[in-house]
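What follows is one structure encoded as structure tokens, with my remarks underneath.
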């Protein structure tokens, strides 16, 4: 993954896209990957799926460290053409990449949000620095953006669409539902939480400061996407911070 | 360096210290290390000094990766008692540590600043994310703080004191002197740039967003300190980003 | 209007309301006025209506300076119970009050927004101070909030509902449609612009930094509300700044 | 005072002045008024002085409402040439003007500050909106700036110079000295509080969010200046908010 990212050439976001990413926290790039290519991608992912959690409904494929030329080329295209340059506006790195597949019945609880509780070794804060962001002189400076490339259609409520909490990427107050209840799915149907629909091949670029999740999938078939997470170059690879370990040189994230 | 940092126990900053660190960008903790201990520290550093640059006046000792119990204990004390908790307010890591020795004639040009030009692979921005900082609900959130433990007295202009540009850690406009001239020492005597004096054993805690440097040392003897840099846990070890390399997974910093 | 506002006693917003007002820029208080009272209010307004513009579809009733006990009591209740305290968090004043009636066919173009062009005598800025707002230590500080008390049902698209541009009260970039086209109704159907429905007696509290408007009313009957605008006490009564006059002591607003 | 302010023509601040006003909260314009003119100004003020407070050491001359051509011309020049345009960047007004004369022994306690307690009818906040300020896209947006034109030399500590608390115009925490003690002069000699010297005819432009005061004057002679306060056009004339009166239409300021 050490190719020069100037190839393919970076493209800039348009005025409408910049306004929308700033105010809504996400944009949808329709037809980023040709639908006919997605069959090949799904076939390449096939041997990589690993079951996650105990539900039997969720599968993850780690593509970050693979050297499959497929994913390497896609990562370079995503970095260049999805808006990562215009939303980070600093030297950046790919810090995480994986594919996710959900079968019927699975949902993803609401998580993240600019002002949610950030537990630490020494107390708690309602501002998580790893997903904070600012604006200066016409440029956005996000600490983490994620690009999702859809490998299946999610065009109705039954398909378990991605949902975002309106304005949560700039929230000053904590989300008003306790974390314990959020983790069980509370808030997914709250006013101000709305679905984002996408078709196979569409790319969703997301400010990771958004509170987001996905509705239960009840229609037949799988719901699959590949995710690429980008951050300023000084940020280490994404991994959760182990609870209870506060080593001076340990590295990690905690929500 | 994998001891639990809860030992020694963290201490909080007082109201005056919090106000001063927020408004001025630094605080001085007098007598952090007993002067009588500093002889031992200097002796331990003796075999580690490496000449830096071509001037013959500047020496650096890399103490980050050493397992000298001396430095490990000092790093733990600095982390716990100098204000790192209260200025980062997130899980944090030690990302850099070194000692620096300047001989007569040496100066350090002004550098950093919240709004100085941040060159990147794809353009330029006047906001460097690795030294940005914010405040929320009574808590400071700095992306990088540096603690300097003084091993020599710097009590007069001739001793080459540390200088800070007043308010530069919250500057909105770029520093009004071109980088090429700053690098040659311009601005060190500008109104609004003022010296910070310290004695052997004092600790200076610094918001790395400050524009700072040090005046020429013209008095006899060396000017020596040990530096410890702390950042949120998701930040990688400090190193400069190589120019010309834009690998998708490269990690680093650039000023 | 010189009664003490501590009577009726102020009530605070709940956690959900604070989160929503902060992230969405508005909240709806259902049943703020009993529907049976609204007949009396409409009757009191009857002699006050004045036609506005040349369309014959829009009428305004100036209630700010009246001493009708009706409106005085309502203004006191709105100030105390709609969230004005919790969204300004400073000494405040009523700076404007009027009723508005739209007949079928009328719409209100999108206007306001935190980052729209703010023309002035000497240039232009994308930040209008009279509708700016901030947050500090758990408190919102809005420069202008407006409470609308609905005197008719607006429960379907045909009723010409109020629309808001999601996140526009915290926008950093200007709205991406030119002002000349906005004034003709452009943008009302843009993704991210959504309707807010209300019933007779409901109160809508609005951050005036939101880009907002109303859809065309095509259903029978009138669409009527009373508006109360509040601002910090040092703000003068609302009126548009005359173009071309730049007197040093002139007072006013300009969008 | 209803002349067009485009005459004299506005001049812009330089890059150094903008940086300094932003980071330090003030700039000094040397020789704004020719020293030989100041005799005439002092003579014109002579009949206007009114004793203030019970000390017999402080005198105020209200020049805001006068139509003395002297002051009208000076107000127009100050508005155009001292940096008011570049620090408000909105349509603005003159909201206050007065001359102040201190005799030997008089001091002015520290007051203002962006984060000091702002008492109101309904609670307290650590952010006073009437002196808040922000920055957007290269432009400063101050809610109140004050220009002081010096009519006497203040070039030594004995002359009772103006003092500013470094960085206080961007403070997040309240000033760490209780208001009751500040009012008695505490904090004037605190580290981080520094004097600003000026000569007869110099103009000091000040962000009113700064915590500032003046040291005791112990040298012979008077210390005299004229002050002009500017604010965005929607702000009413400066006056303190009466305690205990919470009329819905009352207008005013409170510290």
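For clarity, chains are labelled A, B, C and D in written order, and residue numbers in each chain start from 1.
Methods note: a residue touches a chain if its C-beta (ideal position, glycine included) is under 8 Å from a C-beta of that chain, and two chains touch if they have at least 3 such contacts.
Just so we're clear, the structure is a prediction, and the values are computed from it rather than from any experiment.
Enquirer: Interface overlap for subunit C and subunit D, more than half of numbers shared or less than half: same or different?
Expert: Same; most numbers are used by both subunit C and subunit D.
Enquirer: Since subunit B and subunit D share one sequence, what rotation angle in degrees maps the C-alpha trace of one onto the other, as a multiple of 5?
Expert: Rounded to 5 degrees, the superposing rotation is 180 degrees.
Enquirer: Taking CA centroids for every chain, report which one is farthest away from subunit C.
Expert: Centre of mass proxy via C-alpha means gives B as farthest from subunit C.
Enquirer: Just give me the whole-number Å value for how far the CA centre of subunit C lies from that of subunit D.
Expert: One centre to the other, that is 34 Å.
Enquirer: State, to the nearest whole Å, the distance from the C-alpha centre of subunit B to the C-alpha centre of subunit C.
Expert: Result: the chain centres lie 49 Å from each other.
Enquirer: Two-or-more-chain contact residues of subunit A, please, as numbers and ranges.
Expert: Within subunit A, the residues that touch at least two other chains are 137-138, 172.
Enquirer: Under the definition above, what is the set of subunit A residues touching subunit D in their complex?
Expert: So the residues of subunit A touching subunit D come out as 137-138.
Enquirer: In the complex, go through subunit B and note every residue touching subunit A.
Expert: 1-6, 10, 75-76, 79, 85, 89-91, 93-94, 115, 118, 120-123, 125-130, 132, 134, 136-137, 139, 141, 143, 172, 232-236, 238, 241, 246-254
Enquirer: Where on subunit D is subunit B touching in the complex?
Expert: Of all residues in subunit D, those touching subunit B are 15-16, 18-20, 22-25, 135, 138, 140, 165-168, 170-176, 191-192.
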